[in-house]
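Labels A, B, C and D are assigned to the chains in the order they are written; within every chain, residues are numbered from 1.
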Amino acid sequence: MSTLTILLFAPLLSAFLIFLITVLYSQTKQYVYTFLALMGSGLSALLALYVSYYSYFEKQVLVTHLFTWLNIGDFLIEVTLKADALSSFMLLFVAPVSFLIHVYATGYMNNDKSYGRFFAYFNLFVFFMLLLVLADNPIVMFIGWEGVGLVSYALIGFYYEDVKNTYAGNKAFIVNRVGDFGFLSALMLLFLSIPLGGFSFDNIFLGLWLIDSHRLTLIAFLLFVGAMGKSAQIPLFVWLPDAMAGPTPVSALIHAATMVTAGVYMVARFAPLYNMTPDILLLIAYVGAFSALFAAIIATRQYDIKKILAYSTMSQLGFMFMALGVGAYSTALFHMFTHAFFKALLFMAAGAIIVAYHHKQDIRELRGIRASGLFILMLIATLTITAIPPFSAFFSKDAIMSALYAGHIEIFAIAFVTSLLTAFYMFRMLFVLFFSKSEQRGQPTRKSMLYPMTPLTVLCIFAGLLNVPEIFSGNLSVSHWLHLADQSFFVPHTQEMLLMSLNTFFTLAVIVYTYKKYAYTDAIEFEKSDGMIANKFYIDALYTKTVVTVLEKLSYFFDKKISQLLIDGTINSMALVYLKVGNLFARAENGNVRFYALYMLIGLVSGFVYLYWSLRSFL
Amino acid sequence: MLKGYMILSIILFSIGIVGLISRRNIIVMYMSIELLLNAVNLSLIAISADLADSSAQVMSLIIIAIAASEAALFMSLFVVLFRNRASLDVNLFTILGGKE
Amino acid sequence: MQNEILFAILELISIISSVVMISAHRPIDSALSFIVTLISIAALFALVNATFLFVVQIIIYAGAILSLILFIIMFLNIKDENLPDEKYKNRWLLGTSIIITPFSLILIDLILRSDIAVHALRDEKFGTIKDVGATLFSQWVLPFELVSILLLVALIGAVTLSKKEA
Amino acid sequence: MSLLIFLPFITAIFLFIVKMPINAVKSIYVVSTLCVASMAIYLYVHFDPNASMQFIENHSWISQYGINYSIGVDGVSLGIVMMNALLMPLIAIGLYKQRDKKGYWIHLLFVQGGIMGAALSLDLMLFYLFWEVMLLPIFFMIGLYGYGKSNFVAIKFNIYTIFGSLMMLVAILYLAVSYKEQFGFYSFALDDLKNLKLTTIESLLVFSGFMMAFAIKIPIFPFHTWLSDTYRSAPTGIVIVMSSLMAKLGAYAIWRFLFTLFDKTSHQLAPYFIGIGLFGLIFFGISAMNQTHLKRMFALSSASHLSLIVVGFFVYDIYGLVGSSYLIISHALSSAALFLMLAMMYERVQTYTIDTLGGIAKVAPVFALFFAFFALSIVGVPLTSGFVAEVLIILGAFEYNIYIGFLAATTVLIAMLFMFKMISAVLYGDTNERTKNFQDLRAHELMALIPLALLILAMGIFPNYFIKNIEPTAKTFASNKEVSHHE
């Protein structure tokens, strides 16, 4: 049993055991589940730390070959786990954050009647996520990719007594599958295009230069469609806000820290391919930019605490895609890294508030809560997301900004506006929640929910140190470790300093403005909850109109009109004609012997005439 | 003259068939049948005279006997049918059609 | 020549009377005209010296059967409302005649084309009772006996049928 | 081998003659089908993937017309044989408490024998015979034990299929007669008829004759209108047989007979059938969206997948062939399981209408789990066998033509359109009057479902083990293609 095998299968095993116990003995005590769930994710978290340590310092690649999945024709798919730098980097935050959220969830889900089921899904999710990360070839990666989507579907609809939740799950899965459609098509095309046998990432990148450039562009585009679906970018973002129907730990883990970033990971994984298709890279940058801006605008008019966070996730993912789009892969990954921490922390804090205040989620109803511990956590996370130095996201976001500045100034402008908007809506939420004349008191937060937040807070503050840019006499250690096919940008140090200061200054200005507007005022009450922005620019309605309604009409048309009316109608009317003809003949057989004699006579006479005609030559 | 006999026989036979098929009155139908038999008899006799062979005459004799027995049956049929339906219309007797 | 004229007259009579027979509305009319047909046919028999058959035709057909029919018609006391309402009788007759015409024409044509001769062969004995009887009881014994059985069966059948509520 | 075919017949006749209580009938049914299953497993274990046709048996039968009893198995038919042998006992185990009519089980045995015979026979006449033997019990079962307008439906079904079969019979006879003209003696054996030289028009016509029978049976567009009515009215056993075995047999026959006999014609016509298949895939999938009757919905969903199978076959390369064969097996498993579960559900709530259900997951979590699992396996999520098959077919389609590939890839979207909505409506939500006393799965029902679930998972996780039995056969066909392309 190699390290990677245990790392991968520990969560699966615990998921399976929990599942078995849930099915067999419904009276099991809760601590059994807790123990199993934490064992599974904890073990893989520990091993993940070990693996990334190994990779970072020893510069070694761990490989484990499990079995041959498929070998038919040239299509050889080996299930091989491979922890290269990129995978190790992903492991570094995926597994530990998962573990922390597991711990948090034991508090959040305490005494829930589906406690066991929840952790079975949760561990299963970790398994699929690790499979996605560790996969050595795109097909296995796709299995993990679909698997996380599936578990996400199950978890969004976790409270299935309300059918609406399951519809949100359906929406998530279906939209994701639209992306998967692109992903799968891209993989198939890619396989057929590369001349070498085998389908591992190494093989693919070796054969890339042989592929026709049009074909390559198409493949790159389709891959990006997959990423769009998973990472909630325009136009496939509609599922993410609805996905908040799941329990908050789910939102924290799946829809903030890990799964949604899989798209970014995938694009980074295919970096050599994307470097050969600059058009698609530009497209990615623009899609990311518009998604970020779009989400940020919508977030300014949201009132559901989780939805605000969901849109901010989408916006941050947009930042990552911008970075990817200009070829700054490791920068994007680094932002993903920090994002995992602060977004998980935000969600956890939000979850704690929700639990403490009787499952209210509307910030207008939650005004003026008093919870100093949570406030500090929230504040740190919010400062991080707005990229105030020296919090970690400052480093990651600043790297993105300078890359954009060096590459595409118009995208930089969008990103700049977006980051100001981010500050606005995040602090709007914070001020409305905590700075109010009214006062609310909730139940105290459980310890098991608070403890996991602490390390995350620490990471929020200090994780930036891992990739300090040159300008602060750092050495970009993460970027060097990842060793991706980054494109290089050069921005003079003076300009960069200027950028940073400007950025920080404007952000602080926005925070002050927000404070004036929302703290200790009722401005939030006067905002209108209709109009373009609050209704998400009617995108949902548009999709309903164009896709759903059309499909339903089409379904009706196919089934009722074509199948039943046209084809069945034709066949039935054929049968009817037979029946009619049969009736006609039956009428002739009316039981009246006279008529029978007439028929006989007619037959006789015609026979006679025929004979006479044909034999006339003999006469 | 033989040809004349044959032609007459044919004409009578045709008339008999026309009567048999066209009429709904069962008594007329019966008489049409008798006409058919007579037409045949006529041709038989003509041929027998032509060949000077009396076998054909015997044959027509037998036909006449059969006609007689037929007559007996028909008469009783008339009685029964008329008693049941009070009509001589054959269209009323369409049990063969199976529609009742 | 005399025979030919007689034949023509009888021919006409039989055809006309049979046409009347099939087209008359009331059965009594048809029956009466049928008697005329039968008698003219009997006369035609006589014309070719089939004297025995002539007698038999007169006695059995015109005498027995036709009187039986008349008797039945009167016995049943058929009124006009008992008769079938034959609205399309004439059409039917016309239609059927048209259908049958080719049949008759073809047969007549064939007869006319055929080479059956008109022998004037006259055997004195021909057609007498003795002659017919000799043939009947020498070559045709079995059919004769069978016909007798048939008559018996018909007799019993007639009785059974007309029995009330058999 | 022959025992595989005739044991069901013998048992059926035995059950028919001997009077016994219904439980004994069921037990004998189970024992007999389990015997068949174990023989089939024996066959599978001793199957040599690299040999082409094996376990061949040959007996002369009607020798003056060259009709022989000749059977054999290769990688193509192995799947159908295995499915037939495995599903039949599971039907009885799953429905043990239902269906107290002796005739039901006797008919099922007949169907099993017929399908087995049709899948194994290498003689066209024999094939036709078994093909018909399989149909008649189905006709009777729909009429006798069906729901709704079962008589009408039974006759509709029968007319459809008999029409197809007659076309096939004519085609078979034509082949035999032209064989006599060319070689001097009659033969119905597949191997002999392969050598037949036919003109283009002739082979086109004969091909259409065969295809008509298969197309109706599968069914592909536009011969599908018998399908949803029949599925709705037919009793469960027959629905399982039809969707899991009979339809698959039609697809199998395309490979076995059409590709063997009319290699060239198949290639010429392949684009049309791929088109029809793709159209059917989308058409049926979209049609299923608005269905309110569960069985109808699954009927259309089956049709959608079967269209995909047809596409896979006519794409005619190794990926498509293997993928389609794999989909035949995996879809047989999933749909059999789903229809079994539908029957169990019907027993409990007496309805198939989606709107009247809901909240089953709350009262019967195990049922919900299995139901969702099988539904997802139809959608083809990874780790289930359907995923492997779909990937291969899509790969084959892409190799054939990139646009065809895209259309075939829509299969990952099509099934979801209705499946997820259905799952939400049936399993989730709150309970209502009908479903609040929904009883969870009983032991014998679990016994029937667990093997299916395990098999689906095993085939999804370790596909290579199963595929290596199909691959060599597919390879020979796919390499034929190379040859005929170069000609």
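We take it that a residue touches a chain if its C-beta (ideal position, glycine included) is under 8 Å from a C-beta of that chain, and two chains touch if they have at least 3 such contacts.
Worth saying up front: this structure is predicted, and the values here are computed from it rather than measured.
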Could you see whether A-D or A-C has the larger number of C-beta contact pairs?
A-D
Taking the mean of the CA coordinates per chain, how far is chain A from chain D in Å?
36
Between chain A and chain C, tell me the centre distance in angstrom, where each centre is the average of that chain's C-alpha atoms.
104
Averaged-CA centre spacing for the pair chain B and chain A, given as whole angstrom:
97
Counting in whole Å, what is the centre-to-centre distance of chain C and chain D, each centre being its mean C-alpha position?
74
What positions in chain B touch 2 or more of the other chains?
17, 21, 24, 90-91
Can you pull out the residues of chain C that are in contact with at least two other chains?
96, 100, 103
If you look at chain D, which of its residues touch at least two other chains?
none
Chain pairs that touch, all of them, please.
A-B, A-C, A-D, B-C
Could you pull out which chain C residues touch chain A in their complex?
96, 99-100, 102-103, 106, 110, 113
Residues of chain B touching chain A in their complex?
17, 20-21, 24, 29, 90-91, 94-99
Across the complex, what residues on chain A touch chain B?
589-594, 597-598, 601
Would you mind writing out the residues of chain B in touch with chain C in their complex?
1-8, 10-19, 21-25, 27-28, 30-32, 34-35, 38, 41-42, 45-46, 48-50, 52, 54-55, 57-62, 64-73, 75-80, 82, 86-91
Residues of chain D touching chain A in the complex
159, 222, 224-225, 228, 283, 286-291, 300, 317-319, 322, 358-359, 361-362, 365-366, 369, 376, 381-383, 387-388, 391-392, 394-395, 398-399, 402, 405-406, 409-410, 412-413, 416-417, 420-421, 423-425, 427-430, 462-464, 467-468, 471, 475, 478
